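All chains are identified by letter, namely A, B and C, in their written order; residue positions are counted from 1 within each chain.
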Amino acid sequence: MSTGPILYDVAGPEEKRRERLISWVLGVVVLLGAGALIWRLAANGVFDDRWRILIEAPPNFAGYEVQHIWMAIFRGLGSTLLAAVISLPLALLLAVALVSLRTSPFAVVRGAVAVAVEVFRALPVVLVMLFGVLVLPGASPLMAVVFGLVLYNGAVFAEILRAGIAALPKGQTEAAQSLGMGSFLTYRDIQLPQAVRMMLPSLIAQGVVLVKDSSLGYIVGYAELLRQVSRVTDALTNAAYLLPLLAVGAAVYIALNIALSRLAVWVQRRSARTRRTVAATPLAPIVED
Amino acid sequence: MDHLFEQRSAIWDAFLTTLSLAGISGLLALVLGTVLAGMRVSPFLPLRIIATGYTEFLRNTPLTIVFFFYVFVTPSMGFSFSYKVAAVIALTCYTAAFVAEAVRSGINSVAPGQAEAARSLGMSFGQNLGLVVLPQAFRTAIPPLISVFIALVKNTSVAGAFSVLELFALSKRLTNAYSADVITILIGIALCYLVICIPLGRVAAALERKAVFGR
Amino acid sequence: MDLTRRILLGGGAAAAASLALAACGGGSEDPPVEEVDPSAFPEGSTMARLAEAGAITIGTKFDQPLFGQAGPDGDPVGFDVEIGKIIAGKLGIAPENIEWLETVSANREPFIEGGQVDLVVATYTINDTRKEVVDFAGPYYIAGQALMVAADNDTITGEDSIAGTKVCSVEGSTPAEYIATNHPDAELVTFDTYSKCVVELNNGQIDAVTTDNVILAGFVAADKENLKMAGDGATFTEEPYGIGLKKGDDDFRSFINDVLEESYADGTWAAAWESTAGTVLPTPEPPAVDRY
């Protein structure tokens, strides 16, 4: 928290000493716990030769050399990024479209949008991807993956934006109306830009979810990062290699997502500097995964 | 259609499995997540570091990898669980990170005057958090928490790849057995998820409206 | 549990096998590609269309050892892949113009129906419910379900001795279905790939892995120290592998059946087997195709 502690007093000298002591004790306990865990792992052979797979592939049926393993991982990373880069803007577009339809003068349209959002939010992404193969004639695996990611995340993005608009001070809308702006113009020029800025943390967090959900593409045979990793382990036929290879997979995801989050924080800082935001009360992020 | 009817008891069992996975892990994640959120605002640096590291790590890892850890890695460390228990642990650990974020933003939304007033009454950190801040934080955190639970219900589908016969695993079993009816089967399974998630969404919307009026 | 030893020994077994594989040419010799005049095929037929385009999309598995498994360059290798190349060759399509798409059990029929793939050669068992939505050429191989156990397990010898044990297979696969239906007294454990079953077998969490004998043979060959076939590889079902194609395309189906019969006669079928699954399994008699 950037504002400093609000839940406890800034400690005096004696209290500070006590706090420091407790912190040290806790720190030592944590380190001991972590050490015991690592020792236990080592005793069970988790840190044995199997990690050598990352620098030198053992002889195997499929004829894999170590560079093939890394190439497969990079191909997977490429596919994951491709799916994310296509889906993210499309999902945002869909969300904006859905939210603008909510300002429609026809109750039928508003109702239909509300139902669509509820349904796509409630379905597992894997199921929607499978539907993609069934309902889109001739859909490639990539299209099915994008279909699932866009429908689901579009619905969630739409909910986030709606919550942002609902949280705007009433005066914004009233001022726009008093200027003679219609409901669509008010939405487009007044509400949406402010809602996007205010909800940026939630939008980004959901973007991270989108990246991770691309790993569900295995269901339609899309060769994303995790699928590639599991193909390599299958090809090496030795189950012990599952651990080091999946560790690499996890590391790549974490790096990717932390980069995405950092980017978001940076964008937000920049926009906060150029303009004082209306967000007086920080809103709880609506994140789904 | 006939096949769905023939398989109704299997579907019912899978539905209950999905529901119990979500219910049990949801409750546990709520507890763990709240503790984590409390740790993040506590005066002790090691606790803050652990809580921050935990949430950042789990929020950025695909759930499949968390499952993998509890199903395949922990047995080689000498801890093995039944597949259902492993699924509950994996879902709990993963969801707790999201719960912690929701609760923490709830804590941030409580007016600073509240915590300051509590401090001026001489309340300790624990009293301040437990008696004053958290009860108010939960009020704002409920809609995002319900979103987290909706996501949890759907995430139980990952357990299907790790030997728990829940709705999604059943859909794979059924589509393989009756390849002519893939669409009907998938729609049937989708309806089961909607039955759980739509009411949750309605509750969230109702609470949200109430919270707006309550201010 | 000494994992180091296991890996070294497993690696040794795999090394021996890969030497054997290299000796056989490792599938580097592709089946012949014929000079084909597209107009020789009946006008409007699938064969004419594919020969004209000079390209074909074939669905196969990417995770079945010996049959269809992702190779070093990302393209699949195995017996199914060789069969696909033989068929493409008869249409005048070179191996490099084949696009391989991964089919998993959930997308096999939808991909055939939707036209994403022209053919599916993917350890795809011919059965009546599937025939309601797709047609099958072949069979080109008859596998059978078998059990794989830890090398020191002498109690499980066949399907009659699995009561009360944990048996692992892939969710939504025919072998899993068979155990669930015929052996409710065994505990069925299911994952999304067979390699996870093997991890659990090595971890001692399950007692046996079951699927088609040929797939298990690949795992045993790679780790003979720890794994073996139960009851010397006795099979208890018949799984005729067919080539899936769009329902009602009878011309294409009989064309593929002709191609298969020719490959039986001229030795390309046997060569395809020997360069892939034949590195660990004896060469069988080719099965008679079923022109239903």
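Observations
As a convention for this text, contacts are C-beta pairs under 8 Å (C-beta built on N, C-alpha and C of every residue); 3 or more make two chains touch, one makes a residue touch a chain.
Keep in mind the model is a prediction, meaning the values are calculated, not measured.
With B-C and A-C as the two chain pairs, more C-beta contacts join A-C. Ranking all chains by how far their C-alpha centres lie from the centre of chain B, first place goes to C.
For this pair, chain A with chain B, the centres built from the Cα atoms lie 16 Å apart. If each chain is reduced to the centroid of its CA atoms, chain B and chain C end up 39 Å from each other. Remark: chain A and chain C have CA centroids separated by 37 Å (rounded to whole angstrom). Contact of a single residue of chain A with at least two other chains is seen at positions 44-45, 130, 134, 242. Residues of chain C in contact with two or more other chains: 1, 3, 106, 110, 192, 196, 199. Within chain B, the positions touching two or more other chains are listed as 72, 76, 182.
On the side of chain B, the complex with chain A involves touching residues 41-47, 50, 56-57, 59-65, 68, 72-73, 76-78, 98, 101-102, 105-106, 108-109, 112, 115-116, 119, 124-125, 128-129, 133, 140-141, 143-144, 147-148, 150-151, 154-155, 157, 168, 171, 182-183, 186, 189-190, 193-194, 196-198, 201, 208, 212. Contact residues of chain A toward chain B in the complex are 1, 3, 5-9, 11, 19, 22-23, 26-27, 30, 37, 40-41, 44-46, 118-119, 121-127, 130-131, 134, 159, 163, 166, 205, 208, 212, 215, 226, 242-243, 246, 249-250, 253-254, 257-258, 261, 281-289.
On chain A, the positions that touch chain C within their shared complex are 44-45, 48-50, 58-65, 68, 71-72, 75, 130, 133-134, 136-141, 218-221, 223, 228, 230-235, 237-240, 242.
For chain C in complex with chain A, the residues that touch the partner chain are 1-4, 6-8, 10-11, 14-15, 17-18, 21, 26, 62-63, 65, 69-74, 77, 101-104, 106-107, 110-111, 114-116, 192-196, 198-199, 202, 218-219, 221-223, 279.
Taken in their complex, chain B has these residues touching chain C: 72, 75-76, 80, 83, 160-163, 165, 169, 172-173, 175-180, 182.
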